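Here come two complexes built around chain A, the first alongside chain B, the second alongside chain C.
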Partner chain A sequence: MEYLWQGLIKALKLIVSLDREVFGIVLLSLRVSVTAIVLSALVGMPLGVLVGLRRFPGKRLFVTIVNTLMALPTVVVGLLVYTMLSHRGPLGVLGLLFTPAAMITAQSILVLPLVVGLTIVGITGVDPTVRKTAVSLGANELQAALAVVMEARYVLLAAIIAAFGRAIAEVGAAMMVGGNIKGSTRVITTAIALETGKGEFELAFALGIVLLSVAALINTALYKLQAGVR
Partner chain B sequence: MSCMRKVILLLVLLPLASIFARTDASASNDRLLLATTTSLYDSGLLEVLIPPFEKLFNLKVDVVSVGTGKAFRLARNGDVDILLVHNPTAERRFIKSGYGINRREVMYNDFVIVGPPTDPAGIKGSEDITEALKRIIRSGSTFISRGDESGTHKKEKELWAKAGVDPASGRYMETGQGMGLTLRIADEKRGYTLVDRGTYLAFRDKIGLVVVYEKDPLLLNPYSVIAVNPARYPHVNYVLAMAFIGWITSPEAQKIIGGYRRADENLFHPSAIKEQPARK
Partner chain C sequence: MSTPKLRARELQKFYNGRKILDIKDLAIEKGELCLIVGPNGAGKTTLLMLLSFLDLPDRGEVYYDGINPNGSKSALLSVRRRLTLVMQRPVIFKTTVFKNVAYGLRVRHLRRGLIREKVTRSLSLVGLSGYEDRNALNLSQGEAQRVALARAIAVEPEVLMLDEPTANLDPANIRTIEDLVRLINRELGTTVVIVTHDMLQVRRLGGHVIFLSKGTIIREEWLPQITPQTPSDLWPDEAIEGEMLNLTTFRGKLGTDYPPDVVERRRGTALKPGPENRPANGAPVFPTL
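Our next item is the complex of A and B:
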């Protein structure tokens, strides 16, 4: 039990002293996960809006598949991306394995189903009269869709927050395709796994607290953003 | 609204730019990718051994620390340039199948059997390691295994085979975890386990297990360095790999290895420099 307490003290020390190595690890974690979220939102949100607004044969199957993929194990995503980026794989010549770009790719794939799925939920939940009203007021297809998206913005923001949480907290994919290389691909979660393996439980806990602090900061910023859009 | 648009635009462009900036640097030729085992990495030795090499050749060594099984797998796929591992059987197979070349022994440490201080199986004073293992199973004591195809796990299976007992006939548990967590589990379960001395020393103060059997010749743990064969993978950084092999077997590096201490004990014994190198 005492390492919980010691971990808390150590975390405070790490944060206050701006330990250079820890700082670099935190920055990389943020860079990787934020980029992954942006990429998957760019792809996933339009896709989710489209699916949410339209009726088409196989829609239910599509939604079921997306929801199932939310349960993708992180290590499996890591293996998949590794297989693609390995020198024996189809994209091996790019030399991307064990780089942050590989980790971004893996995390984007990991959170994409979450973004798509929650966007569909958000869009489907909007009162159908919103769209009808927009159309009756002379809005074209795109403008009507935008009106629906604006109505659904809280759920869309929740999708981003959930996806960010999944990305920054995952360790399997980052470990597999990043390699946990010191000063190059080590992020907070892989550092936690390393320190736990070494028996440095206090430091591992401290890093966990650092991760939560970072997540708190990001979520506060997103909340502010939401308040701004209101 | 327009302010938010700018923020979103920035959010999109900045990371995209950083991806491409990063890609160029990582493909450069002054980066050596070394795969090694977690037990060696966690010992901290590489942190004193690699910087002088990086300085000497003005390059960067990126270390990927994984289980032995995964290290070989990465090398077989041509995803790393060089291996620093501890499983002679797997190493020979790796070279025989054409994936590796220029293996050199670097150093050794040893494995020990740790267990509860009361030594319920009475393995202290066993004649040899096979006898010690037999006593653990026969007495119905718990043995905790890594069960993860790591170098330590492979060693353990070799020892069971030598002892001629099926560990599954006793109280045998596989954790599937790294050495550190396996030690913790053995501690909680009051069981015995096989561990390299380095990891045990790192954990000694945190657990209640003590060394109950050691110093059998079968418990030696030799580490070797192997370059990935450039005939198989022309893209590997073979020249730097050979430079690393040269460095780690040099008198300077061997001295660093011999002088590395933790918890007031020497962890590794250099073995690369011999008056009469063995003939292959």
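Our next item is the complex of A and C:
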């Protein structure tokens, strides 16, 4: 048990002293996941809004597929992106494998279904008379759609936060397409996996604490948002 | 005769194969105060949704100033910007009262200063001055109803449609709204279409009354639009009449024993307000059956 306590204490020291390595890893993690979220939100939110507002043949099927993909295993996404980006893959010439860009791509794909699915839930949850009210007050189609989005804003924000939580906590894809290269593609989760494997716990503990704090922050934000809806 | 403001012809609406609405011919003239009355499920809301072009009929046409905009996006938008509807259970956007009332003005890209001015005026007209910064989610039902009304009149529509605007209000606020309706109708010349259950309200407001039952117009009357002089004109023996004029009497054939001083049967201009056109206190406007 002793070495656990010592590891924990050293970990806290690492955090308090703003250790360069810890700091660099955390920063990269945030950069990769935030970028991935922004990208998938830019694509996923408009798509989710469109699907949520429109009626079209195959909508049910689309929603079912999206819902299924919400639980997409991270290693499957890793495999997919790896094969696309590897030398022999169709996008191999870009030379993106084992770069942060590859990790961003993988995480974007990973959370896209989550963003789309939760956006659809949020939009379809808005009282349909909101749109009619907007129209009766002179809104054109786009303005009416925006009014619906505004009504769903808390749910949409919650979707973003949930997606971020999934992105920053995943290991599989980041490990496979990032390669866990020190100083370049090593993020919180891959570093924890590596250090634990090596039996060196202090860095792993330090990063674990940071990750937990991020998770706690996310949960608080989500809770606050849900309280705001009521 | 000039083109009616709104006209419906051979209008039909079906839900699940059931015919909900069947209107042969209905004309609402410019500047008219039009009251649509009828029991629950008569199709009043359905009719209003069609007349405001928020819903499409299954058969027939609705004309606005002689033009049927259904089918053309640009014509629809232009007509929708000239009329507005306050729904039976109005939705208040999850934001401040100010932003709610400003909504119709913002989508028309009005100047900020002008928006502020119009919002302030509209709120004061519905008796909600100073409510601008209130969270619209925390309003009482009656306040919410009036915010919805303020939001509608802020855009200064040519036609204002109100689906049971006073159903959730207390007597004082009903009076405020009815006075406001008279003001808008008479001073601004706005065409007003109101759905109501309240036969006393019909009597208090007067105008072109359309009786709807099972989706069809069973009768049209033109009642004098009285200008209330004393409160007793507005609220005559409320309790007794409320009983007599309750909508449960809305069956069978109507109209043979209307007091002649109350009902102007000829179609045409509204009667001039005056004591001779005011119903005697306590006299039922509509027969008890």
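To be clear about the criterion, the second predicted complex is superposed on the first by the 200 of 230 C-alpha atoms of A that agree within 3 Å, B and C clash if a C-alpha of one lies under 4 Å from a C-alpha of the other, contacts with A are read in each partner's own complex, and residues count from 1 in each chain.
Quick note on the criterion: a contact is a pair of C-beta atoms (placed from the backbone, for glycine too) under 8 Å apart; a residue touches a chain by one contact, two chains touch by 3 or more.
Since this is a predicted model, take the numbers as computed values, not measurements.
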item	value
Side-by-side fit of chain B and chain C on chain A, or clash	fit
Angular separation of chain B and chain C about chain A, which is computed from CA centres of the superposed model and rounded to the nearest 10 °	170
Dominant toucher of chain A (residue count), chain B or chain C	B
Touched partner set for A:130, first chain B, second chain C, both or neither	second
Contacts of A:101 with chain B and chain C, given as first, second, both or neither	first
Chain B versus chain C as contact partner of A:151, first or second or both or neither	second
Partner chain in contact with A:17 - chain B first, chain C second, else both or neither	neither
First (chain B), second (chain C), both or neither touched by A:35	first
Partner chain in contact with A:139 - chain B first, chain C second, else both or neither	second
After superposition on chain A, the shortest CA separation from chain B to chain C (Å)	13
Residues of chain A contacting chain B in one complex and chain C in the other	none
In the complex, chain C residues that touch chain A	52, 54, 73, 77, 80-81, 84-85, 87, 89-91, 93-95, 103-104, 107-108, 151-152, 155
Residue numbers on chain A that touch chain B, as the complex places them	31, 34-35, 38-39, 42, 86-88, 92, 94-101, 104, 179-182, 184, 194, 196-199, 225, 228-229
Chain A residues touching chain C - in the complex, by the definition given at the top	127, 129-130, 132-141, 143, 147, 150-151
Chain B - residues contacting chain A, complex	1, 3-4, 7, 11-12, 15-16, 18-19, 22-23, 26-27, 33, 38, 42, 62-66, 77-79, 178-181, 183-184, 202-203, 206, 233, 235
